[in-house]
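Labels run A, B, C, D, E and F following the written order; every chain starts at residue 1.
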């Protein structure tokens, strides 16, 4: 019946894969050592779930600053896992849902995962899933409780294995909510800090020349998120009809986005 | 099918255009340099969405003091974009809606926009959309969460592009709510500060003589919103049966409106 | 179709007029200069709405202490405007309504007003309309938001004009709620402070002799609301079977009402 | 149609009268000067409503410590008014009602009263009517708002007159809620302080001998509510099989009730 | 019709009596003077309700520390009253009820009691009835208000008499909620403090020998609730297969229950 | 009818037993003295319920740090009790339930237990059952109240006996909620502190050699939960393809899980 379970989920998997790849449509640049370390850790966990009989449930929280590439990393890992069941739980699929409907939807995804021999559930932007806002603060307790319970529930059937990947840019909040503790492992993405990292990203993902990329990289003094960097690069290109992006145009665009 | 999408939205667009123009029915005076800068920035963003393949989603928050012309500027930009799909999300179309109905309405506008190759959604007075009031403070969290999610959601279909323009006079509130961060870019309107700006507006939009306009402009010592200025000009005209508006009558009217 | 709109509202207007007059059934005494100033300002705003093409929407908040005659002044102005569409929004017509029903009712009055060439909406005692109570504090946010939106909404059809008059005895609250800012103009009623004002009111509205009125006026040392003054005059008359009201009887009655 | 209105309410009135009398089933002793003063004031207000054409609405709040006889005084005044329409609004007729049902019930009583030429509505224990509790504090805002509005609403039909009597033992709370201000007049009951008052009550209402009554009165050093006094007298009688109530037995009973 | 009322309630009474007796299934030991005093006071109140024509309503709040025997005392008094109508209002009969259903249930019991000439209602553990929890604090205000009203409502029909007994271990809370004041009388249970009291209870209710009982009593240095004492005695017996309970075993068991 | 009750529950019992055993699927190692003490105490309570006629209701709260083995201990005791009725109340069986449905479900389990001569109800992770979260704090009061009542309710039928075991890692919270007091007895699990305990667990449950186990045990300086220890052992094995787990690999894995 493993085969049948596989059959059941196969077509959906195809679809999901495409959706996941869209989450890193601006490329995926291995920009340096810290990044390789993170990817290595992620892959090791995937491996453990795939092979260890004693790990029916593993969960990893990917935390990091806004724009630091959390969603892209998680999506990439999900795609490359090759697990027969991969699902994303994302706030934009649940707009206008009541709290109870959200819980049911989330629960359904987990229940479905228990039917596949190897499953991966990717919960993107947990603070959005629980409708968090700092003023109050307010959040949906029933959705939170659902996550707290599901994150600790071992798949009931023998031999089924599940990896849960969550992302957040508010690790302190998730700590206070008891969510960090509900995850087995916590890993981090970080901002780009070194000129080499920045120029690498600009060159590979924004198709700049080495010269342009290095000039800009040298002029950026504070850490910057990879997502912001790529957006600003695009803005700067629009402001450079000649084609070559000038450092000053780039810095002006950086300013416009409030950096 | 781009053509069909265009056909679908064309008639509505006509209607919306008229409604948008009513938002600056008291004229649109290019009153000086700071204003030109703002308009230039806005137009550049419109251009980027129109032409860059890598910008399927751009969002700009237009912040500024009460009466500083936010709504008029956004409406003007929307009209001049010439985008085939233009919609305004405004609190007065949703009076008496439940929170959930508001979310559905807002969601529907975004879903519709994803069908057009080029779309612009103008969300006026975000604090009103989320039912904000300072005492408490209170606001609709479900509407807020809907905005937070939609502002980050890239149009799902390849090649569709969307520009979102929001306005607010409470940027600090929106910061605390995480809304400022959800916008890609933030731009500002400002009050009229210099006599030259004020007299220009009075002359062009309130049809005063240069002499009247300059006399009044000199007598105004604090920054004033362009909307307030035009309302007071109208009141002063009613109080001046002779036709020429006296400075003292103008100042009295200013006082009545609590300036 | 202006004519048809006029026909539609004419009968209701008659009825409303009578109801409005009942709001100053104890007379309307022009008791002095400050009062004349207020009435002059009110009339000027009515005039502006009637004649200025550029003022499709005007709103005035009449603030003043409890019992200072706010309701009577607003009702008088409404009656004397002669506008074809005049409506009062008052808490006692909405007892036991749900918050949503209140919003719908208020919205309906505004929608109706947009069909008449000249309209006046009188919202009495705004703190009661929004169910305000100081402990908490508590109030109906959905009703508040409805007012905030409607007070800024220009009648959609060309050439229709609307004047909104609101009254309140809690201006600071309304400031905090953002309601004062939503009104275009703010005017004030005040307590009676000078013996001449008091004796004038007692003479004309309470039918006292000049002698009685002046005796009493001299003995009142603190400012007093015109409504309180007239109620106490009535109590004192009941306590004076002889007909002539004695100062000491009057003061005793003043004491009873907690003055 | 005054006659018809009278006919309509007559039978109910009979019933109500009996119910009201039960509220002072332990007698009604005019125990001294302060009490006479209070009753005089109450009667004068009744008279004013009965006779003054200019007083279509009068309202009096009877405040006083727990057990001081508020309910009995109000009931007595209601019975003796002889008004054709007399109703009591009491929390124990609305147990288990939803907030909205309470509002409707209260509203209905007022609407009915507007049909009678002379009406009296007695609202007992206002803090109970609004479901007040000090912890929180909590109370029903919709019931409160209903009272605030109805207490200021003049009977709409010409010539109908209404007297509202409310009782409370939390005047400070009612002040904060804006209820005291909504009443026209405020009067007070007080505890029994002087031996003469106490012995009078014991003698007349508890049927003690002058000797017993005076002995006990002398031994009571703190002010005591008339209701408490009569309850303790009854307890003491049960503890005195001989018939004569001993001072020490009385004091012991006083102690038991936490005095 | 007194007879018929009696007939109506008679069968239920039988049933209730058995349920009440189960509340002191571990015996009822008159362990000393303070206890006798309490029972005397309780019985006197029962007597007063039975015989005094002027006491149609009496209510007593039995307060005391957790485990001090409140429920047992109230149940014993209820059984021994011999009143034809005896009911217990207890939280475990209303598990999962909505707040409104609880109110209706409680109200129904009181309404039923008004039909019997002599009634006793026993409300056990009032903090549980109102769903109290210290964090917040939270409680059901509608249930609280229902109790506040019913505790002061005299049975409407002439000659019917009602005694209400309530128990609580949070007298300060009930004070703040206004509940203590709603009861006519307050009495207290206390912990066992003296060796003589403790050994008496162990001997009579736990069937220990005088020797065992005294040994244990001497070794208990802090006051202890009678319920706790009996539970620990039972645990200690299980831990003493020989039959005779050793002091050290007893103390160990005491420790286990967190004493 | 004891026999029939037994028949009724027998098949369910089988099923439940399997589910309970899954809660300690990673083995159950008697790792030392403190553990033996705890198990001894648990077994004694089971014995008391089985044999003592005077203990129809016993409840024990098992508290201890996260990962210290609470669930496993309780499940083991439940399985070994051999009671004919054993049920687990666990949050993951009630995901997406309304508060009321949770109460009904919990109530149903208790009602069912009253039908069996010997019953054991295991309530795992009480903070999850009541939807607790520290921010606010928030929790479901109706579920809490249901537990408070059921934990004190003696099985109504003569001779039926019930043992309730609850687990929690927030004893202070449960204290504040009054839940600790509602349990008769409180016992504790603890973290592994001594190298001997740790190596024993690694050897027996993680199948390490004595050498490996001791090396690792010596290198762990802070107390660690048995659940964490076993998870890390599994991770370390995956990272040691050679088979023998290196101390440094183990420490790295420890670090990854945030220890």
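General observations
FYI, a contact is a pair of C-beta atoms (placed from the backbone, for glycine too) under 8 Å apart; a residue touches a chain by one contact, two chains touch by 3 or more.
Fair warning: this is a prediction, and the values are worked out from it, not measured in the lab.
Any chain bridging chain A and chain F, meaning touching each of them, is missing here; the list is empty.
With steps allowed only between chains in touch, the distance from chain A over to chain E comes to 2.
Different-residue interface: chain E and chain F share under half of the residue numbers found at their contact. With centres set at the average Cα position, the gap from chain D to chain F is 59 Å.
Chain centres here are Cα means. That of chain D falls 34 Å from that of chain E.
In terms of their C-alpha centroids, the spacing between chain C and chain F amounts to 68 Å. Shown for chain F are the residues that touch two or more other chains, of which there are none.
Taken as a graph of touching chains, this assembly is arranged as a ring, one closed cycle with exactly two partners per chain.
Touching chain D in their complex are the following residues of chain E: 41, 44, 47-48, 51-52, 54-55, 100, 103-104, 107, 137, 139, 141-142, 144-146, 148-150, 152-154, 156, 176-178, 180-181, 184-187. Chain contact summary for the complex, chain A toward chain B: residues 22, 26, 66, 91-92, 95-96, 98, 128, 131, 133-136, 138, 231, 234-235, 237-239, 256-258.
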